[in-house]
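The first chain written gets the first letter, and so on, giving A, B, C and D; residue counts start at 1 in each chain.
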Amino acid sequence: MASKESADNEHLVHSSDPDHPANLICTLCQKFYNLGWVTGTGGGTSIRHHDHIYIAPSGVQKELMRPTDMFVMDFNKREYLRKPTALKPSACTPLFLAAFTRGAGCCIHTHSQWAVLITLLVERDFGKDAYFEIEQIEQIKGIPKGRGKAGNLGYFERLRIPIIENTAHEEDLTESLEEAMEKYPDTYAVLVRRHGIYVWGDNVHKAKTQCESLDYIFQLAVEMKKLGFPWTS
Amino acid sequence: MASKESADNEHLVHSSDPDHPANLICTLCQKFYNLGWVTGTGGGTSIRHHDHIYIAPSGVQKELMRPTDMFVMDFNKREYLRKPTALKPSACTPLFLAAFTRGAGCCIHTHSQWAVLITLLVERDFGKDAYFEIEQIEQIKGIPKGRGKAGNLGYFERLRIPIIENTAHEEDLTESLEEAMEKYPDTYAVLVRRHGIYVWGDNVHKAKTQCESLDYIFQLAVEMKKLGFPWTS
Amino acid sequence: MASKESADNEHLVHSSDPDHPANLICTLCQKFYNLGWVTGTGGGTSIRHHDHIYIAPSGVQKELMRPTDMFVMDFNKREYLRKPTALKPSACTPLFLAAFTRGAGCCIHTHSQWAVLITLLVERDFGKDAYFEIEQIEQIKGIPKGRGKAGNLGYFERLRIPIIENTAHEEDLTESLEEAMEKYPDTYAVLVRRHGIYVWGDNVHKAKTQCESLDYIFQLAVEMKKLGFPWTS
Amino acid sequence: MASKESADNEHLVHSSDPDHPANLICTLCQKFYNLGWVTGTGGGTSIRHHDHIYIAPSGVQKELMRPTDMFVMDFNKREYLRKPTALKPSACTPLFLAAFTRGAGCCIHTHSQWAVLITLLVERDFGKDAYFEIEQIEQIKGIPKGRGKAGNLGYFERLRIPIIENTAHEEDLTESLEEAMEKYPDTYAVLVRRHGIYVWGDNVHKAKTQCESLDYIFQLAVEMKKLGFPWTS
């Protein structure tokens, strides 16, 4: 798929603009590493920039990445425009593409321990088919109402995040992720049982804000369980 | 309200002095982000500098703000002297003004999880009308006795922080925040149920010290509950 | 006590050597702030350098201190050689001096929450007169056997840290701190109930190592309690 | 063992390449300090570079090390090529060598509190001879199947980490560490009861990834216990 030329598309990842996707993925992943979201080379981040999809590679130390480590894919042709020869493309790629197909501009995948614990708590307390639900927490207002809807969730509205079962191979999550996206068209995130979360947004700013808000809510919800508080009334 | 000229009042936010309010709000918010207080664009900070009120904008990544992002308001006229066109003014503005009207020089709003958990614990264990109370913790001495009173609380004195109910819209908290300020004139902070806290002080140094001291006390108080210790004897 | 001249002893705090006490207290306190030990202007650090005692001032943001903020005292005369006019001397000074009198080269005072929780747990489970005791934790080996004794505690030896009751004023702790030092001459630390800890060592390296090792042990001991494990067999 | 000349082998630790072992051990240990793995001079790191073994010294502040602090040993002759006169060689050296003998390129020793708590939980719940076992956690996929086997563990496979008893002296762990390595030839890590963990890998990248992945799993496993979840089904 990647021709010799495509591997050399250096200009796609060279920019002095800190907000260029190739630079931004690096600074975001450093931050995510410090938050414990992408430890042990786990997790990943992808940005759509016009018709180019920038994707962090698989199996690299996420806090040490450089712009030249980025894979770049043509969104329409689904072909790599740039494929660093020494690196492996991310197994999350089809999942990121599912988000981009539904209008996302950025997709973040974390292995946050709070997210993992939430998937365990929901399964035990509400069953395997239940989604995570919480209400009356101010930070809920950091999450938009849904694609094509104006504004964010209100304090008295209920936040719902679907949960899908984990699979042996990351790419095999694609089908159930897409199913969850269809079934819950308003969601900007899907939890993966015993694994982590995929969060996306219209752009990098929104995806990051939503990912941070959700992680805050998950941590708070775990602490609430420890102290005996219900998530909904 | 903001004329074309007011939007251009660039000189109000340009200074090489790191203690200039426009610079200081940025460095404070970076620190608050690392403390988990303003994640997901939540929270905010405002400084009164003579008759100018400097306010961090709404909905921005608090760790990435620049001095040119600041809103500046004339304290007496309640009119914006500077209003960055691409940004939204903070919904916390009337709450910050309530603190400045009572003599504050700086007001900090956080979504600290410890503060949120304290509001849940107080409601469950002491009722909806109770305030948070604790005594005999050394860090209490970081909190002043009250406006116009000399010195800080003593180790054997009781710290009391009132709690108000959250509302759908942040600005609608103003009335109950002001009521709490009137009812508890000695307090330098008001907790907001399931939301966070507003902390203020005579100047930036005091507001930050009080906010840090309270957050330390809230975290300790949550851990005390987990281990079965009462907050007061 | 501080003459006009003494206040100007600038040369005592100006050095390009990062290991000079005036510089070192600043870098140490930045680190301690990040560890949550000196939040809200709490805690303090002092270094003995020949016959000069360097002391961080009272009531300052510990992560923002500069060498010129340091107080310097003549150890033998107990007189300030340098007293920054805008700042207050630390109320911990007599406690630091108690450690220096017993041969310490550096003394660290923290408000660590783990230390505070340990003082509560010991009081509840073993009584007001009990000291903290733990054994068979590798990190115990970071603590020396005692003044004038060779080497550090062994893995199978028991670590004991005395606890004194807090007082309304920090300086009033001096007498009971000195009593504890006399009663437990091997200890390099004294816990203060509901307050924090004083840790000292022959030099800066040892005081810091001992303070970090103890804080690690306290955190682990609190987690052990939560999970139902005893500290000693 | 170390001749005057060997102590001067400065060229072995001087390099402008950040990936040179002498530089890399310093940057790794700074990171490990921030993760709480090597607090109070605990823990250590060693890298094999061809026939040279680079080892961090004993009893130093791990976040402050410099390349010139490194010991260098000839792997075949087991003789020091470089031995900084003011420093003590690490008591972990024979344990690191045990890993290098079995093909490792890097070995990391931490005092992680999560590792210590896991050794306590396994002993209480499964007995003194049990190893730590967990399955169906995505991060397991960060651990290789075993030496000479292709690929990493799968999500549905069970991760097993042997646990050995602590000894009074670190070097006395060597025999039981080697026994565990023989008994569980697939393991890339051995837990030490009430002490910490030794993790190794084919190279620095793998050892760090494995150490981070295991620490993530240990922390998650402790939280699972607190919330009442079993590690295996």
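Definition applied: a residue touches a chain if its C-beta (ideal position, glycine included) is under 8 Å from a C-beta of that chain, and two chains touch if they have at least 3 such contacts.
Only a predicted model underlies this, so the values are computations on that prediction, with no experimental measurement involved.
Asks: What is the Cα-based rotation angle between copies subunit A and subunit B, on a 0 to 180° scale and rounded to a multiple of 5?
Replies: The rotation relating subunit A to subunit B comes to 90 degrees.
Asks: Determine whether subunit B and subunit C, two copies of the same sequence, contact each other through the same residue numbers or different ones, counting it as same when over half of the numbers at the interface appear on both sides.
Replies: Both copies, subunit B as well as subunit C, present different residues to each other, with under half of the numbers appearing on both sides.
Asks: If you average the Cα atoms of subunit B and of subunit C to get two centres, how far apart are those centres in Å?
Replies: 31
Asks: So how far apart, in whole Å, are subunit A and subunit C when each is placed at the average of its C-alpha atoms?
Replies: 44
Asks: Please set out, as single numbers or ranges, the residues of subunit C touching at least two other chains.
Replies: Residue numbers touching two or more other chains: 226.
Asks: Under the stated contact criterion, what part of subunit C meets subunit B in this complex?
Replies: For subunit C paired with subunit B, touching residues are 36, 39-42, 59, 61, 111, 113, 116-117, 120-121, 124, 166-168, 192, 194-196, 222, 225-226.
Asks: Considering the complex alone, what residue numbers of subunit D touch subunit A?
Replies: Per the stated touch rule, the residues are 136-139, 142, 154-156, 205, 208-210, 212-213, 215-216, 219-220, 223-224, 226-227, 229.
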